[in-house]
Structures are given as C-alpha cells and as structure tokens.
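In the two complexes below, chain A is the common chain; its partner is chain B in one and chain C in the other.
Our next item is the complex of A and B:
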C-alpha cells in the first residue's frame, strides 16, 4: 500500500505541480461550459415559447434534469473519450522515454503497485473534471430558487448517479489508456492507440444498430458509451457497475502483463 | 527453397486475414472465405516445412513459452470477466434513485407480473427512431426485471414487412403484440397502463371465439368475392380470435362464444331466433355486433330498441363523398366519439348504402348507449326511400334529418345486481354491413374500425388504470442579467481560473 501511495504521490505531483492538469481542466471547462450553455439556452427558449403560447401541459414536461443535465452528461462522456487518452498517454511511455523505466523495474515495487499508483493519479484528474460539471447545476439552483416563474428545483439524486456514472466511464477509458501507454515509449503513439481502442469500443455500439437478435444485445452491452445511459436517468444498475469495473480491471491487468513481459522479452 | 517458402508464408498470412475479414463482414457463411482460409493454411504449412529449423527454434524459445503462458492467462481472465458479466446481466438488480421513482413500475403492474407463470413475449413494431421506442424499451426492461418469463423484441416494420404482414399490423392499429404459448393480445397504447392490461388479457382471458350468424343470407366469411367477408375473417384470426359460423335456427349458441356477429341479414329473423339472441345477451352477459342494411326489415329492431338503439327507416345520402371519388350513397365518416372503440381513431371510413342507428330519447336504466361514429354535416337521412330507388334524391326540409347522423352505436349494460367488477352486456350496431366486406374493408379506416369493435365486444377483463409517472417539472427563467452571469461564469470565469493557474505554474517553474 505504501508503495502505491508513493507512486501515486509522484504522479499526482507531475499532474498538479506542472501546468498539465490545469490546461486540461481549462480546455475541459471551456468545452463542457459551451455544451452546457447551448443545451440550457435551447431549454430556456423552449420554455419561453411554451409560456408565450400558454401551453401549460407542455411546460409541465420541461425539467432541468432530463432536458439539460442528462444530455450534458452524455455529451461529456463522448468528450471524455477524446480527452482521457491525453491524460493517460504519458503515464508509462514517459518512463521509458526518460529511461527511468529500468530503475522502476529493478526497484522493490511490484508491477501491480506501479500500475495502481499511476492509475489512481490519473483518476484524481478525472475526478476533478467530473466535479467541474457539477458547477453548472449549482449555478442554476442558485438562480432558480428565486421563485416567480421558476418552479421546482433540480433533483440532485439523479445528478449524483450521473456523476458516479461519468466517473466510472472516465475510469474505464483511463484503464484502456494506461494499457496503451505501456505498449510504447512514444506519448503520441500511446495517445493514438488509446484513441483507437476507445473509438473501437464506441463504434461497436453503432454496429449494434444494424444487428439483430442476440448479437445486437451483446454489441450494445460491449459499447463503452451505452452504460452511462441508466446512470443519467437516476438508475444504478448492478450490471453497469460490473461492466465498468470489468473494463477497468481488464485494462489494468493487460497493463500489468505488458509491463511484466518486458522482463522476458 | 526457403525464400519461396517465406514469400508463400507471407501470402498465406495475408490470405488468412482477408478470409477472416470476409467471414466477419458477410451476413451468412459462404464458401469463398472458407476456401481462402483453407488455401492460406496450406501456404503457411509450406512455410513451416521449408523453414522447419526456424519454426522449431521459435517454439522452443523461452520467450515463446512465457508469451503463450501470458496469452493463456489473458484468455482465462477474459473468460472469467465474461462469466461475471453474463451473471450480472441475467440477474439484474437496480436502484431507482429518482424522487418519484419514475423508472419503476406501479404496484399493480408488479402484482400482475407476479401472476405470470408461463412465457410471454412482446413484439413491438416500432422503428428504432420512433419517439415511443426509448420509453417502451425502459418499460419492457422493467417488466423483464420483475419477471424473467417476460421477454420482448422490437421489430422494425420498415425492414421486416413480411412479419408486419404475418402479425396483421397496420399503421393505425395496435403495434404491440403480447404472445403466450396459447393466447395473444394487442396493445394500442405504448404505456404501462396499456401493457399491463394487455398482459392481463394474455394471462387470464379465455381463448376468444366469435360466431357469424348464418341462415338469413348474411355475408359469408368464407366467400372471397367482393361481397364476401373472407378478408375480415382472416384479419380477426390474425389477432388470435377464432372465427366460426352458426345457424341459430337449428343450433344452440355455444358456451365458448365470445360474441355473435350478424353481418347484413336480408331475411327476417324468426321470433324464436330473436329470443335465443335475447336470452344469450341476458344470461351469458352476451356480446353482439349487428350490421344492418337500409330498407331491410330483420325482426331485430324490437330487441335493439330494448337496449336503447333506434334503427332509422331511412337512407343516408352525402354529396360530399363525391369529393373522395365515392357515390353520394356512400357516406363518409370522419367524426368519432371518445368511446374505447374509436379513441384516438383518425382515419376516415366509408359506409356504402347505410341507414341511421342512434340512441333512443329515453335510455333504459342501467344502460349506456353512445354514438361512436357520425357522418359529415353535408349528409342527410332521406326518408323517401322510393326516391332513392329512382335515383333522384333531394333534401326535404322538415322531413329529412340533416347530418351529422349517428351511423354506429355502442351499448353497454350491467345487471341491476352487478358489482363493480362483473362483466357487462355489450352490443355494437352499425347502420351498414358492406363497409367490412372484401371490397370496402381495405378502404382507409374501415378494417381497423371493425377490428377495434371486435376487440371491444370480446373483452371481458377489467381494465386497470395506472397513472403515468413522469419527472416533476423544473424550469427556470433567468433575467438578462442572470443569464449573462451564467454565461460569463461558465465560458470565461471557470476556464480563466484554470488557464491562469497553468500560466502561473509555468512561470514559477521557469524561475526555478
């Protein structure tokens, strides 16, 4: 455990004591903020129109959870797919490039400890990004509680489940990303390989649209983006959690195998 | 020799990949990729023989041993993960953390699902991009979650016209079919209420069978001619209802009759026959569809009057129909009431040569009599039947009644002693019988109107009502100032903090 923490601390410092993490957060908040504003202003225009035409029953259907926050989380999930390879690309590849890899391999830490320490550090970055997303509903509830025409407030429980889901999705992407990073000493190649892996798992979901029967269900299940859906509805399903943890475990396991293989290759 | 072997080996590898690729992208397994792969394996074998020494040393090398160990380990891990995921899918467990549990089923539905003891499969004929699909899938998943005997399948009607045909699905009719080994029911409403009622029908209801009365020159359900009813009989069978004929003059009305249909009689019913029908209605809580023609006296008028239906001695004329390419004797019906039969029905229907049937002035106690379909305002009920024969009709003020005219009536009556849940007597009377024959059935809404009628009269289960759940509305209206604050914070404020942090760190690091 102490070894894991030591490696985690080192990686954490690289992320947060250099501009890397802050640039990532800056770009992320810019893009997710843009997503949010687009979806929210559309929502507001629609509400205003219904108000103007006095379509009370349509107004009753408007809610911030399903019409603003849910699409936002689903969009950010796709954005994560593109963003996370950048976060994980250097984790192991960089050690090879800087020739500190041999040092690490001969030190008294196991490969699992190396992998977990580095992986947890990347999770801390992802956690911050998920927390950034929560700024938006907080802004809305700050203004929304004024009363008047505004009714009801955002339901927080579904947002919490969405947040958990988004974090798990990000964690799965990172697990595949760290594996890609263990394959090469070039950060660029590492990022491209993890893009490829993640896109493959995304495209599988598209393929399911054309398939029929049991194959359709299997492809749908395998798709990395499919599993956030239930979380964003405020539902926690055991199978989604099992899926994410499976991807995470398998990604880390492959990483560990890939590093170990250096010893006999 | 070795060089040739190398080249052949590479070609073999390529061929193997191409073969696999073809196998994967083709919908069916064909011979071509298999042949390619066979040749590929042969080429690789040639390579192995010509390079025997290299191959041997590869397989005995230490790295090969470790490598294959690793491969086995990875495959085992993958296998275990697959099994765990399979178990998780087969044994779903979920928590609905929404305030109003909007993604959970009502207690009534769960109770009904617990009563399902044999397999029930739902076929939903919706394309993947239909607005109903997502919500319906959630519902189905929920039903499956509470009882694994429930399964479902979405059928894309555009891709599978043959299945649409086999199930007799139309664009205006019900699009969800619930099927158990022996029964089926159709659901029009893609909501929890609709599905649960459909499920009750599949689980509890007896097999439905309707009898077409014969012996008075009624239209024949076996006849494929224009005036025959074979298309209608076939459509009803497709909905899982049996269809048979009966001569009530010589046979008793069977126990298994879900309903009687009298389709266009041209001769008088004997008093005994009328009594048999009356007794069937009274004692068995019977169900009846009567389809009449103008000018023909059937002897059923008195019985219908007892149930509050007045059969008009007239002939409906509608000049408007010419606009639809029909004669004036074929009135158009585009106005339906909010009755269960016609709820949400918006297709026009045509009734060739028809008379009015309408609720009587003073409706008998305990009876509900409702007009379900009416003609257009341009139509009128011609009472001078002689003029119709001559073909020179005209509207006579004060004598003829102006449209809209009631052309179909639905009756439901409960016994005085009946409790809330006991079944009722149901009768539907049409002022026309040709609208459902082989010639006119395919027109617009005609076929669906008749099918809906059969569904209503044969239904004996109590419908349960379930209030649809939805998330409570939450909306905010920002003032211009507030909107600007939100915009500035999200687009400038937050990113600025992070970028400033990055720049500051970069400067500090450089100074070091």
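Our next item is the complex of A and C:
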C-alpha cells in the first residue's frame, strides 16, 4: 500500500505541478462550456416556443435535468473518449523514454503496485474533470430558480448518479489508456492506440443496430458509451457497474501482463 | 554476496552474453570491464532483476534474483547508464520518491536524504528542478539515488561517462569512499577508472568472460616478457650490438629514445644484473635502467582484440 501511495503521489505531482493537468482542465472547460451553452440555448428556445403556443403538456416535459444535464453528460462522455488518452498516454511510455523505467523495475515494488499507483493518479485528474461538469447545474440552480418557473429547478440526485457514471466511464477509458501506454515508449503511439481502442469499443455498439437477438444485446452491452444512459436517468444498475469494473480490471490486468512480459522478451 | 552462474541472454538472434559466471565477495570492489557492446549492461540488468536471463542463475545475498526479486532489489542500489531522474521534479522530491519506493521508514527519510546529498555534494541543489541541472549534477543525483537507504550492494553502469575531468575525479573519489563499507560493481570501458578504484576486474568480451582476477595478478600473469629500457650518456649502436650478441636477447631502438634502447627478456630476470654490470663496466655512463611495465590498457587490448585473444 505504501508503495502504491508513493507512486500515486509522484504521478499526482507530475500532473499538477506541470502544465499538463491545467491545459487539460482549461480545454475541457472550454469545450464542455460550449456544449452546455448550446444545449441550454436550445432548451430556452424550445421553452419559449411552447409558451407561445400554450402547449402546456409539452412544457411539462421541459425540465433541466432531462433536457439539459442529460444530453450534456452524454456529450461529455464522447468528449472523454478524446481527452482521456491524452491524460494516460505518458503514464508508462514516458518512463521508458526517460529510462526511469529501470529505476521502477529495479526497486522493491511489484508491477501491480506501479500500475495501480499510476492509474489512481490519472483517476484524480478525471475526478476533477467530473467536478468541473458540476459547475453547470450549479449555475442553473443559482440563476434558474429566480424566474419562479417549475422548470428552473434542478434535481440533484440524478445528477449525482450521472456524475458517478461519468467518472466510472472515464475510469474505464483510462484503464484502456494505461494499457496502450504500456505497449510503447512513444507517447504519440500510446495516444493513437488508445484512441483506436476506445473508438473501437464505442462503434462496436453501432453494429447492434443491424444484429438480431442475443448478438444485438451482446454488442450493445459491449459498447463503451451505452452504459452511461441509465446513470443519467438516475438509475444505478448492477449490469452497468459490472461492465465498468470489468473494463477497468481488464485494462489494468493487460497492463500488468504487458509490463511483466516485456522483461521476458 | 553475488553469485552468477552460466548466464546466457539473446536479444532475438543476437547473443548478448553467453555462459557468464563469476562471484563477488562481500566488500569487494569489482571493475566490470569490456568494450562497448560486450554485454556489461546486460549482465548488470540481469543481476538487478530488470530482466531475466535465457538460462543460468544469478544469486544476490543468497536470494535467487527471479525467485525472490523483491529481496534482491531491496539489497541493491543501481545506477543505470542514464541517470533515471524525472526532469519535472526537484532533487528533493525525487530523492523522497525513491526513498519511499525503496521502503525507507518515513521518519528516517529526511535524515537519509540529507546524508546522501552530503556525500554526493548535492545539498545546495535540493530545491532545484532536475531539468535545470548540468550533466554532472544529474549524475550525482543518480548516484545519490543508488546509495539511498544504504544498500549492501551498489552497481554502477558507466558512472563517469559524459562528465568533465573534475567531475570524473569527484565521482571516482566518491566511489572509493563508498567502497570502504559496500560491495561494488563498476562497469566501464575507461581503464584508469578501474585501476584507480577497483581491486578486482572481470573482463568481458563479445558476451564472454575472458579474465577475472585481481588487477595485480592479471598484470603480473600477462607480463611474461619483461621489457627494459636503458639510457646512457655515451650511446653507440655498437653497444646495442654487443649486448644483443653477448646475452643473446632482442634489442631495439624506438625513435623517441635518442641515447638509449630497449631489450626484451624472456623469464631471464637474473640476467638483468649482468647486463647492468656490463654497461657500467664498459663506461657508457648509465643514466636510466628501468622495466617497461605492461599497463592495464595493454592487457585489456590484448584480451579484447580478436587476433590476440588467448
């Protein structure tokens, strides 16, 4: 445990004492802010239209949770596919390039401890990104409640589950990212391989549209982006949790195997 | 302390080392000598547990490197060819990180960092980013890292490469200092370094060990032919000829020797006295009469050059 903490602390420092984390946060805020702005102004325009046409039954459906926050979370999930490889690409590849890999491999620490310490550090960056997303509902609840509209209020519980879901999604992307990083000493190759892996796990779900029966279900289940949906509805389902943790374990296991096997080659 | 038997390692089809065996006793300071690409680094990487051999056994302090790697790694401080430092960290943070993964008790970490910083002369740069340090200081940080936690065995892979002469001297002094209490393996292809710091040498060439013994023994054993040089006040070619014929030995006059010559004796050391007496009695005015000793460099070249390999 001490070793994991030591490696975590080192990686954490490198993320947060160099510009890396702040550039990631800056770009992430910019893009997610733009998503938010677009989704919210669409919501506004629609609400206004329904008000004009006095479509009361339609207005009932207009709430911030379903119409703004849910699409925002789902969009950010896709954006995570692009951001997370950038966070994880240096984790192991850079050690190899700098030759500090030899220090790690000749120190009395196990491969699992190295992998877990590094992985947890990348999760800390993802956690901050998920927290950044919560700025938007806070803005909504602060300014939205002034109008006295029932639509202006925010329900926090579904947001919490969405946040948990988004974090788990990010964590599973990072597990595949660290595996890609363990394959090479080039950060660029590492990033490209993890983009590839993540996109593959995303588009695998598209095939389900043309498939039938059990295959359809399996393909849908495998898709990385399918599983956030229930979370954004406020539902935490065992099958989604199992999915995310399986991907995380799978990614970390492959990383550990790839590091150990390199010593034999 | 370290026992290595029959190590063989191939990279793809290329043989890095073959059947390397040697042992290092506690307190020894061993020079691991060989030309570039001879297999020095490979051997060290195996001993430190960085990678396994294809066959053979390596044992450190009684522990097999691949059965109980953690026990072995706890006992070895290792400085790889490139100091394994993180540019984005300060010297202090870096040493602290290394101390933590080496499992040094948290209470003792600061004392330990203080100690190694002092002996490596990096106390003043503790707060600086490693990226901003000169090559010499990075190397010292690398050495500090290796001796952190006071390991019983320290392995240095080419510790003075890329340093300026003053830094080289400092690093060697430091290694000598360490040698008082530790078992040290030092890999290098710089011979004076070995002569200065080590008692024993292991010479490796093309993946095989070609010599392993005390430096003095190695030199003595290799010095079968002793060559002597003579300088006199009144030199003449006649003198050379006379000596050659009288004692039936090989004589030669190298161009840089104006008033003298060299002669070779093959295990006939008792004749030195006669030759000296001959020159003195002949009234040539003897100025100098000394053996030309074989340097480690000559031996090394002899051991690692194809034509002469014994």
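We adopt the following convention: the second predicted complex is superposed on the first by the 259 of 265 C-alpha atoms of A that agree within 3 Å, B and C clash if a C-alpha of one lies under 4 Å from a C-alpha of the other, contacts with A are read in each partner's own complex, and residues count from 1 in each chain.
Rule of thumb we're sticking to: contacts are C-beta pairs under 8 Å (C-beta built on N, C-alpha and C of every residue); 3 or more make two chains touch, one makes a residue touch a chain.
Nothing here was measured: the structure is a model prediction, and the numbers come from that model.
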{"item": "Clash-or-fit label for the pair chain B, chain C on chain A", "value": "fit"}
{"item": "Contacts of A:206 with chain B and chain C, given as first, second, both or neither", "value": "neither"}
{"item": "Superposition-derived comparison: chain B or chain C, residues of chain A touched", "value": "B"}
{"item": "First, second, both or neither for A:64, with chain B first and chain C second", "value": "first"}
{"item": "First, second, both or neither for A:17, with chain B first and chain C second", "value": "both"}
{"item": "Contacts of A:234 with chain B and chain C, given as first, second, both or neither", "value": "first"}
{"item": "Touched partner set for A:99, first chain B, second chain C, both or neither", "value": "second"}
{"item": "Chain B versus chain C as contact partner of A:246, first or second or both or neither", "value": "first"}
{"item": "Superposition-derived minimum Cα distance between chain C and chain B (Å)", "value": "6"}
{"item": "Shared chain A contacts, counted only where both chain B and chain C touch the same residue", "value": "17-18, 264"}
{"item": "Chain B to chain A touching residues, read off their complex", "value": "62-63, 66-67, 70, 73-74, 77-78, 81, 84-85, 88-89, 91-99, 102-103, 128, 138, 470-478, 482-483, 485-487, 489-491, 494-495, 498-499, 501-503, 505-506, 509"}
{"item": "Residues of chain A defined as touching chain B within the complex", "value": "17-19, 22-23, 25-27, 29-30, 33-34, 36-37, 40-41, 43-44, 47-48, 51, 59-66, 132, 135-136, 139-140, 143-144, 148-155, 157-158, 160-161, 209, 221, 230, 233-239, 242-243, 246, 249-250, 253-254, 257, 260-261, 264-265"}
{"item": "Contact footprint of chain C on chain A as seen in their complex", "value": "2-3, 5-7, 9-10, 13-14, 17-18, 98-110, 263-264"}
{"item": "Of all residues in chain C, those that touch chain A in their complex", "value": "45, 48-52, 70, 73-74, 76, 78, 80-82, 84-89, 93, 97-98, 100-103, 145"}
